[in-house]
Amino acid sequence: MIASNLPALQVVVPLISAPICAMLGRGRTAWVLTVAVSWTALAIAIALLIRVETGGVIDYEMGGWAAPWGIAYRIDYLNAFVLVIVAGIGAMVAPAALQGIATEIAPERQPRFFAAMLLALTGLLGITITGDAFNLYVFLEIASLASYALVAQGPDRRALMAAFQYLILGTIGATFILIGVGLLYMMTGTLNMADLAARLPAVAETRTIYAAFAFIIVGTGLKLALFPLHMWLPNAYAYAPGVVSAFMAATGTKVGVYMLARFVYTVFGAPFAFDTMPLGQILMPFALLGIVVGSLVAIFQDDIKRMLAYSSVAQIGYMALGISFASETGLIATIVHLFNHALMKGALFLALAAVSLRLGKTDLTAMRGLGRRMPLTMAAFVAAGLSLIGVPLTAGFVSKWYLVKAAIEAGLWPVAVVILGASLLAMIYVWRVVEVAYFRAPAANAPAAVEAPTTMLIPILILAGGGIYFGIDTEVTVGIARAAAMALLGTSP
Amino acid sequence: MSAEIVGAEGLTLAALLTPWIGAPLIWLARGNTNRREAVTLITAVVLVGLVLALYELVAAGARPTLTLVDPLPGLAIAFTVEPLGMLFALIASGLWLVTSVYSIGYMRGHHEENQTRFYIFFALALGATIGLAFSGNLLTLFIFYEALTLSTYPLVTHHGDEAARAGGRTYLGILLSTSIGFLLLAIIVTASYAGTLDFVPGGILAGTAPNWVLGVLLALYVFGIGKAAVMPFHRWLPAAMVAPTPVSALLHAVAVVKAGVFSVLKVVIYVFGIDLVAEIPMSHWLAYVAAATILIASIVALRKDNLKARLAYSTVSQLSYIVLGALLADSWGIVGGAMHIATHAFGKITLFFAAGAIYVASGRTRVSQLRGLGRAMPITMGAFLIGSLSIVGLPPFGGAWSKWFLLFGTLDAGQYVFMAVLLVSSLLNIFYLVSIPMRAFFSAPDPDLAGQGEAPPLCVAALVVTAAGCLALFLFPDALYRLLLPLVGL
Amino acid sequence: MAALGHFNYWVAIGLMMIGLYLVIARGNLVKKLVGLNIFQTAVFLLYISMGKVIGGTAPIFAEGFTLYTNPLPSVLILTAIVVSVATTAVGLAIIVRIREAYDSIEEDDILRRDEE
């Protein structure tokens, strides 16, 4: 019975645990529950992925109500992969969370913090797994609301305005998606994604559907922080508690990219999106701008969390760029980068959370001489940084390779140059940190720093090590990405 | 014969792994400096032994191949040992042994810090070099090319001060920018057009793309392989002189710079194919850029008073000899260029060894301070003389052969302008290189030179070995020549 | 005349624009939140009004009626209203905390205080 209901359990387990967590008295107990739940969620996600690999697409009807009237969960290669990514990051961040928030969140509020994290996890998993457009909106709002609350927990009071700004922009984005879904429902009478895909071609050439498409793209763009709708991201990531930034940076925007891919390729279909509507021509310039502007602004940041936030804007640009090519190679690049970027940014932000725990701040001057005082943490930072630059034998190299290949296959040499140029910009901002950490002596009045606590160090090392392992053995990641890409483009095996 | 082939693959794998195994062993031995130095020397000796054994097989015609994982579907980390790579591996491993002896003398004589870190990254850099030498496709070459850049960064910035940091920044900045911006782009484009990245004699690009695309591609390769120091991407070489001299000697006379020109030769021979390069108009323009580099770098070298800076610009100039030889797409030019890898390596390393010996023994770094030093340090300056004569290309030193072949190549291709460039450059070499030992021996010594002795014995020993190597390359060029002939299909 | 028949769309769009304008143009945080609410309400009206079937009665089973208005949009909007209420609650909670931290709920004041 459990096996057949795994899709539901993927969402239900964290959902039910959240209020239980909130009712627990002590932060430590809540933490143990969170860790257990996140690892369970990962186990379920992996089981679902294996089932998709062996048995094909999984169709699950919630409550036994048949689609398209009931809510159906539909798991193919793409979702299964994103589920593993989200659950995996959750499983890595949860153990680190107890120590990570020790100096940032008061003990009496910690149970509710963990409850919010579980809700965010629920929402993200739900967005990924559902096959119903309105259900997607509901889970989107669950995840977003939990995220707003999480960001507002930051130690600096600027976290509050950051959370408020995020709330306003996020709600506008989600409401745009709601409008789009509503318009789609008006024209087709269904909310089930597969059913929409079947019914849309008949009504595709109407202004309503054009408007629906536009609303959904803009709404999703806000959620995934596509330039110029990225304004909420730098403040939110910079001021949120370290562990929250790690979690959000590695999952939130990935799910946003997933939503974009799902709507563009599955619901509307590539012919409509790219031939009837000029999605390629609109998405590509904004993606390129995001890449360039994000990288450039990152170079001038003194606060490293903010620098990584702008770096994320650039990396999201890469993923959007891959989608805009509308080719198999481009989609492989995007999907593989979902995984690789989650590894990289997860490691980087978690390492910074450890630094913040030990030093109290994360600006460039605080990080002087950190290479000697926190050697393993900084080694992981360097490894993940090299992956960000795209040095071969790291995961980032694989994504870059496919992205440049897609650009060349599309005949767009200038785009290839921009992609590689952004790697060089990444080199500049990553190396600033490396130089300061290894070449400068700590300031005289710097607080003494020791290595990160083990519960944080192990996830950091696993994530950084993963960034190298999956740069060498890419059979699993690229294999899944290729299968997912083919399914999205309709050229499935 | 099959037993030998199986042995060849095993030898290749062993040679590849030796430096990577040596590095952690050095770390483990860090407690006792003598034990640590012994580990380095033993690793180097083992490597030389393995490479020599491989040489026997490759000279007899074997081409062992080895395939490891596939980081990208369809593209493997693969190794193929062929004559050019064999030559490079021989030079690198042999000179690593000599440099290790020299380093021990230098680092101890100069009381340098962080010596363990130094020896570890030295081993890693050699590991990357051997991997590069034996690479069987462009992906593997790129991976080890980048690994070489990264593993040499801690060596360049060894002193950890402000100057080291700035030099390191230039070093890394230029090398990574060119490799990611140009070389990687060229590799991916090649993969798109040719469908493969394997090194195949005769090239993989013939007939796959219009000439102008191939021309752009060739330019991307030549400028993207920043380690070949073709202008204007040469600034990293003088910037790297902030490193301790053993680093400058092995890496910037041998490993890193030769990795650059080696890669250029590999691309010309095995990716484009010599005939294709001859057809593309862009090769001619790039040859002019190489010729300009030869001349401009020589002129700049003339004006440098800092000895290491002068040697750095001399290296920039000499590297473009090899690039020119490659771009001439002429058999003599290719053979001459490949031979120059060997002869220049021995000559330049002798010069750098001498510069380091002078610094350790007398604290002097400027050419103007070296008057009359020949009386106090006769062996060092004698070796310097031998090294500079080899670089100039005069018999009885090895450089004569490579220069002869290169000149012959320009004649054979009918490129008299380039022949003139080579001759003028040789003349300039005499002015800026040979003048140093001449002044050291024949000028009146400074009064504060009294009591100046020779360099530490290990340094002197290394100097003598490499100087003797210059001589040996002249007297016994046969093995080298016969090794290289298959490159041009002879 | 078709334009008048679609007056529900005009109302929805009008309210949407008013809501968005409030979000952007007003500095007071509570007013922003109110604007957001108006914006969301406009979307609700859009959905519910589109479910109306002319001549249909309320979607509750009863004897003698055969034509019913579409119940699905109303159901969806019930959920969306809950979401909107939750968003407003979180927003107000954040505003309370902002007031505690900054002693003001005017955006300009807050940004100015941050710069100091």
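Think of it as A, B and C in the order they're written, each chain with its own count starting at 1.
Rule of thumb we're sticking to: a residue touches a chain if its C-beta (ideal position, glycine included) is under 8 Å from a C-beta of that chain, and two chains touch if they have at least 3 such contacts.
Predicted model only: the values in this text are computed from it and were never measured.
Participant: Could you tell me which chain's Cα centre is nearest to the average position of every protein Cα atom shown?
Facilitator: A
Participant: Relative to chain C, which chain has the most distant C-alpha mean position?
Facilitator: B
Participant: Rounded to a whole Å, what is the gap between the Cα centroids of chain A and chain B?
Facilitator: A distance of 45 Å separates the two centres.
Participant: Counting in whole Å, what is the centre-to-centre distance of chain A and chain C, each centre being its mean C-alpha position?
Facilitator: 28
Participant: Hey, how far is the Cα centre of chain B from the one of chain C, in Å?
Facilitator: Spacing between the chain centres: roughly 70 Å.
Participant: On chain B, where are the residues touching two or more other chains?
Facilitator: In chain B, no residue touches at least two other chains, as defined above.
Participant: Give me the residue numbers in chain C that touch at least two other chains, ranges are fine.
Facilitator: Not one residue of chain C touches more than one other chain, so the list is empty.
Participant: Contact residues on chain B for chain A in the complex?
Facilitator: Touching chain A: residues 69-73, 139, 142-143, 146-147, 150, 157, 160, 164-165, 169, 172-173, 176-177, 180-181, 184-185, 188-189, 191-192 of chain B.
Participant: Which of the residues in chain C come into contact with chain A in the complex?
Facilitator: 20, 23, 29, 32-33, 36, 39-40, 43, 46-47, 50, 72-73, 76, 79-80, 83, 86-87, 90-91, 94-95, 97-98, 101-102, 110-111, 114
Participant: In their complex, what parts of chain A are in touch with chain B?
Facilitator: These residues of chain A touch chain B: 386, 389-393, 397-398, 400-401, 404-405, 408-409, 416-417, 420-421, 423-424, 427, 431, 435, 439, 471-475, 478-479, 482.
Participant: Hey, which residues of chain A end up touching chain C in the complex?
Facilitator: Residues of chain A touching chain C: 134, 137-138, 141, 145, 148-149, 152, 157-158, 160-161, 163-164, 167-168, 171-172, 175, 178-179, 182, 185-186, 191.
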